[in-house]
Amino acid sequence: MRTLVVAPHPDDEILGCGGTLLRRKAEGGTLGWLIVTGMTAEAGWPIDRIQQRNDEIKTVAGMIGFDEVFNLGLPPAGLDALPLGDLVSSFSEVFKSFAPEEVFVPHHGDVHSDHRVTFDVVAACAKWFRYPSVRRVLAYETVSETEFGLCREDAFHPNYFVDIEPYHERKLEIMGVYRSELGVFPFPRSVRAMRALAEWRGASAGYMAAEAFQLLRERQ
Amino acid sequence: MRTLVVAPHPDDEILGCGGTLLRRKAEGGTLGWLIVTGMTAEAGWPIDRIQQRNDEIKTVAGMIGFDEVFNLGLPPAGLDALPLGDLVSSFSEVFKSFAPEEVFVPHHGDVHSDHRVTFDVVAACAKWFRYPSVRRVLAYETVSETEFGLCREDAFHPNYFVDIEPYHERKLEIMGVYRSELGVFPFPRSVRAMRALAEWRGASAGYMAAEAFQLLRERQ
Amino acid sequence: MRTLVVAPHPDDEILGCGGTLLRRKAEGGTLGWLIVTGMTAEAGWPIDRIQQRNDEIKTVAGMIGFDEVFNLGLPPAGLDALPLGDLVSSFSEVFKSFAPEEVFVPHHGDVHSDHRVTFDVVAACAKWFRYPSVRRVLAYETVSETEFGLCREDAFHPNYFVDIEPYHERKLEIMGVYRSELGVFPFPRSVRAMRALAEWRGASAGYMAAEAFQLLRERQ
Amino acid sequence: MRTLVVAPHPDDEILGCGGTLLRRKAEGGTLGWLIVTGMTAEAGWPIDRIQQRNDEIKTVAGMIGFDEVFNLGLPPAGLDALPLGDLVSSFSEVFKSFAPEEVFVPHHGDVHSDHRVTFDVVAACAKWFRYPSVRRVLAYETVSETEFGLCREDAFHPNYFVDIEPYHERKLEIMGVYRSELGVFPFPRSVRAMRALAEWRGASAGYMAAEAFQLLRERQ
Amino acid sequence: MRTLVVAPHPDDEILGCGGTLLRRKAEGGTLGWLIVTGMTAEAGWPIDRIQQRNDEIKTVAGMIGFDEVFNLGLPPAGLDALPLGDLVSSFSEVFKSFAPEEVFVPHHGDVHSDHRVTFDVVAACAKWFRYPSVRRVLAYETVSETEFGLCREDAFHPNYFVDIEPYHERKLEIMGVYRSELGVFPFPRSVRAMRALAEWRGASAGYMAAEAFQLLRERQ
Amino acid sequence: MRTLVVAPHPDDEILGCGGTLLRRKAEGGTLGWLIVTGMTAEAGWPIDRIQQRNDEIKTVAGMIGFDEVFNLGLPPAGLDALPLGDLVSSFSEVFKSFAPEEVFVPHHGDVHSDHRVTFDVVAACAKWFRYPSVRRVLAYETVSETEFGLCREDAFHPNYFVDIEPYHERKLEIMGVYRSELGVFPFPRSVRAMRALAEWRGASAGYMAAEAFQLLRERQ
């Protein structure tokens, strides 16, 4: 199985489906990571912050076992200001090159506009006659974004649960790489909140820890 | 894979997922058929009509290759008048006995009340801690019921497509067993309408013929 | 504030809003408990089971500090078989007698039919010109029911969060009274799952532990 | 145009579409009135109350100009306790006999269970191959029921507006026949509330007074 | 009847409502065609491709019998990058000039961003006090866009069906003008897929072939 | 209570929650007004029109009793063309400076893109860990925008009603300051339409006049 996770920002892939990625890898899968935005010098990020982020990405890629990393380097919190057509072109190249069978995307109801735009772009890349490799598209939930949607239409109502018990502690460990993104509970991006969510999803599916998704499209 | 199809009335299983059942069988699966309603002498059905229906069921069971058939014999168009608790008990026995991993159910938005009630009963049988065998629940569309829901909430929005090209003609042939249920196009339960739907769903998923479903729950 | 919780079965009130009830009490509120179903000898429950349940109710009533308990004693898993009009009459008397300002009800998307019916009955009792005391109606989530709704329309999308940090441990302790309803994690009705949910809802609202609700109607 | 209004209780037809009925009549249409429930001596209604109600029906039928009145006389607030199959049979006869092209039904999200059940029954009577006369089905809003739905799914979101300016005063006058159903504003079934709604719907559509509907199905 | 179809790209008008347009024309209607995007030399399209497209538009205009064609020539796959206010101004002029009574628009849930933006712009042009000529707005489904929406909120749930039997073959013939857009089944923009859809919609409404729409607003 | 109303254009705050603002003030609250767009000389507005608008704002601020007014002066009908990140920054400063507990925002389904964008920006400012002062977010309805949403998902389904009887006439008087925005009934922004809506919402909640809202989030 060739699995591609689309992450608006580094850390979304761990928060959303880190355990499932570890499991796919353990099951012999090939993993791709499409990072949509990134810090750049042009956009005024300090060099050392950029360097640190690059190191984090390298470390996480190694710990998860990503086979390919695609880094678009677009401006964080700025995707809505880019022409959608350009974004589709960029994603398209990755989809053609990596040829994923399974794709993980952010939830369309996430509060962050980067997540919403990313969803829209992937939707345009989910047509079978354009990207015939794609067999399954799943939306993940991103702690600190998905649960803050204000409209009922934004609700994340999972219908697909993956047992991540053997990978859960490792997932939390990897999340620790993104030190600067983590805070102290009840801050949502905290180990304790992540653990609570994994257990809550686990209780819904019969596992000690689970990740939950919305299946958007599968064809077999 | 142990697959159970829940059919409010005989023929729903063919209309909704006849091709997929044939495919599961060809792939080595074990098939169960839970028929919820049936004609009975007590309810005033003529003996020869009952006999004919029983023959149809036997013939279809053989053509599909069902390994087990569960016939509850409840009154057609009468499920809403039965206590839901009793229905859950009846279904529960079948679920415990057959121990399905995959379950096919009617769509919750179907116009026919037997379909809606059947959906509600299966929902009560989809909790992992009661029926741990169940791993996947899919809602099928029933020509002549699903497309007649009047509310937007009733919309069938498929997210799971199965390639049935090698089984499509056989599916139509089996449907022919239910001679009395079929009519002349544009009557919905006609070979031509069924073929149009299979091609339309196929075009949505990249297959010459497909059946479309809504994934309600999967855990793996 | 006069607060009434409507519980299809004893324990729903604790699972759904036990912490909030303790808080209301601590803030000087008056609490009512409408228990819809109950075990009866007529329905074949053994005497000692009935006695045990009655003891549990008495104990819980004391620990929460309910000022009034209304026990309709209707058959569990049997509400759908009763005429809705009769149910409305029964509820109506309680609403007129207790005159609640705030009402807690199960979520309309819960899997259990008793929960769905209870919701419908309360909806009929939420009209201002029939029950002018009612100012606020909130739907609670019931672990083991609310998260098992199969349709997107069933999603519980909370918009109202209550800080229950000072009352959380006491809530779990009171839940322990219903010994027979509790199981071992990942069973949903377990202390660990309840704790996970409370922390997850807390992270969504900035509290160490929270209960989450859907506000259905408020008038002020 | 043959127009049939389905009224769970007498007065729903005026509240929901009295102005449109008057307009249809003025335009040369043929009008049918299907009254689902009624007061009966068997159900314990006093004779004089029954007589008064019958008089009201007769008066309203004359004032609107109904060409046919179908009175099923089923128990008010009791439709949910009847087998849906029986209800479909009763409605079916009326649909076959009157052969409506246009049908007005209550909204599926109304709080009153009689309204919800009536909706479900009409939905079963909207299949073209069973009732080929039916060309258009519209849901009306019933003051005091439609605006009290507690779920977002219950929302009445009109997409079809009818100018009733020339008929508005007459509609209010006819509503006056149901003296016992009317109250004093802000009671919803009051002349002032009805007027406010008609003006509000009018402002949405460019008319001095309008009735608003949800088109459920049209075929032409 | 003055009917305006708004097509993000030439061919959407045929796919979505070609049969209905032919029928409106046959019934004596006046037809307008608002083409939103177009190939331009500035945007780098080769001259002969532009010429071919212009010829196609001319041919189709003749075959349908459009009385007026409005060609905005905006960049394909680029509408989201334009200020919505400018788009509203452009559409506004067409609406004022053509003064349509009936308007056909793409579905808001289509995957293509040009379709979504077009929908939003037309929504802004559907207010009665700005464009009093508009009496009816219908959303059409565009094969290869509408069925690829990934969210349940994107579902196309038709409530308005038009019998296009006498015009169906002609519609397919006209679609042939857009040779480069067509492919081989199961490609969605193929004659066979279009035929399957027309028959499927026909079976839902009692016609040999039908086009299906969502009525968004009508006032009469 | 510190209450902030976010108004895409001056007059939205009166239309949407003018009565509630007057009531909050009367109850001792502190009121903030965030005006998102404004007329500027750079954008070509005539000086006297700008002056008049500024006078109107000053007058209304005095009549309502706003304690603070924040005027972003962004281009009307142009918010969608601005980078969302910039808008979030601008709003963020206001939220940090005013520290609102209660926030009133436009409905996400409003037709005007300025309203939709404003909603999205506020949603990003409703996270408790960024703006801990915020306890309650309510969406208001804006006559002439909210009722023109074409999709069912756009429906405004109020769940929170405020009695504004003592403030209703004053609200209408203040609206009169925006002379140029008002028209003659059935124009939606007319005193008569506003009165009809207030009475209609009142009838839904038991008040002579009411404003209706959708509660999006509350934490207590």
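Letters A, B, C, D, E and F mark the chains as written, and numbering starts fresh at 1 in each.
We adopt the following convention: a contact is a pair of C-beta atoms (placed from the backbone, for glycine too) under 8 Å apart; a residue touches a chain by one contact, two chains touch by 3 or more.
In this text, all values refer to a predicted model and were calculated from it rather than measured experimentally.
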Centroid-based (C-alpha) most distant chain relative to chain E: C
Maximum centroid distance from chain D, chain identifier (CA atoms): A
Copies chain B and chain A - interface residue numbers shared by over half, same or different: same
Rounded Å distance, chain C centre to chain E centre (Cα mean): 51
Centroid distance [mean C-alpha coordinates] between chain C and chain A, Å: 36
Chain C, residues touching no fewer than two other chains: 129, 148-150, 152-153, 159, 187-188, 205-207, 216-217
Each pair of chains that touches, named by its two labels: A-B, A-C, A-E, A-F, B-C, B-D, B-E, C-D, C-F, D-E, D-F, E-F
Chain D-touching residues of chain C, taken from the complex the two chains share: 83-85, 88, 108, 119-120, 123-124, 126-127, 129, 137, 153, 216-217
Of chain F, residues touching chain D in the complex: 143, 147-150, 152, 154-157, 159, 185-188, 190, 192-193, 195-197, 199-200, 202-208
Of all residues in chain C, those that touch chain F in their complex: 128-129, 132, 159-163, 205-207, 210, 215-220
Chain C partner contacts - residues on chain D that touch it in the complex: 77-78, 80-81, 111-113, 144, 148-151, 153, 183, 187-188
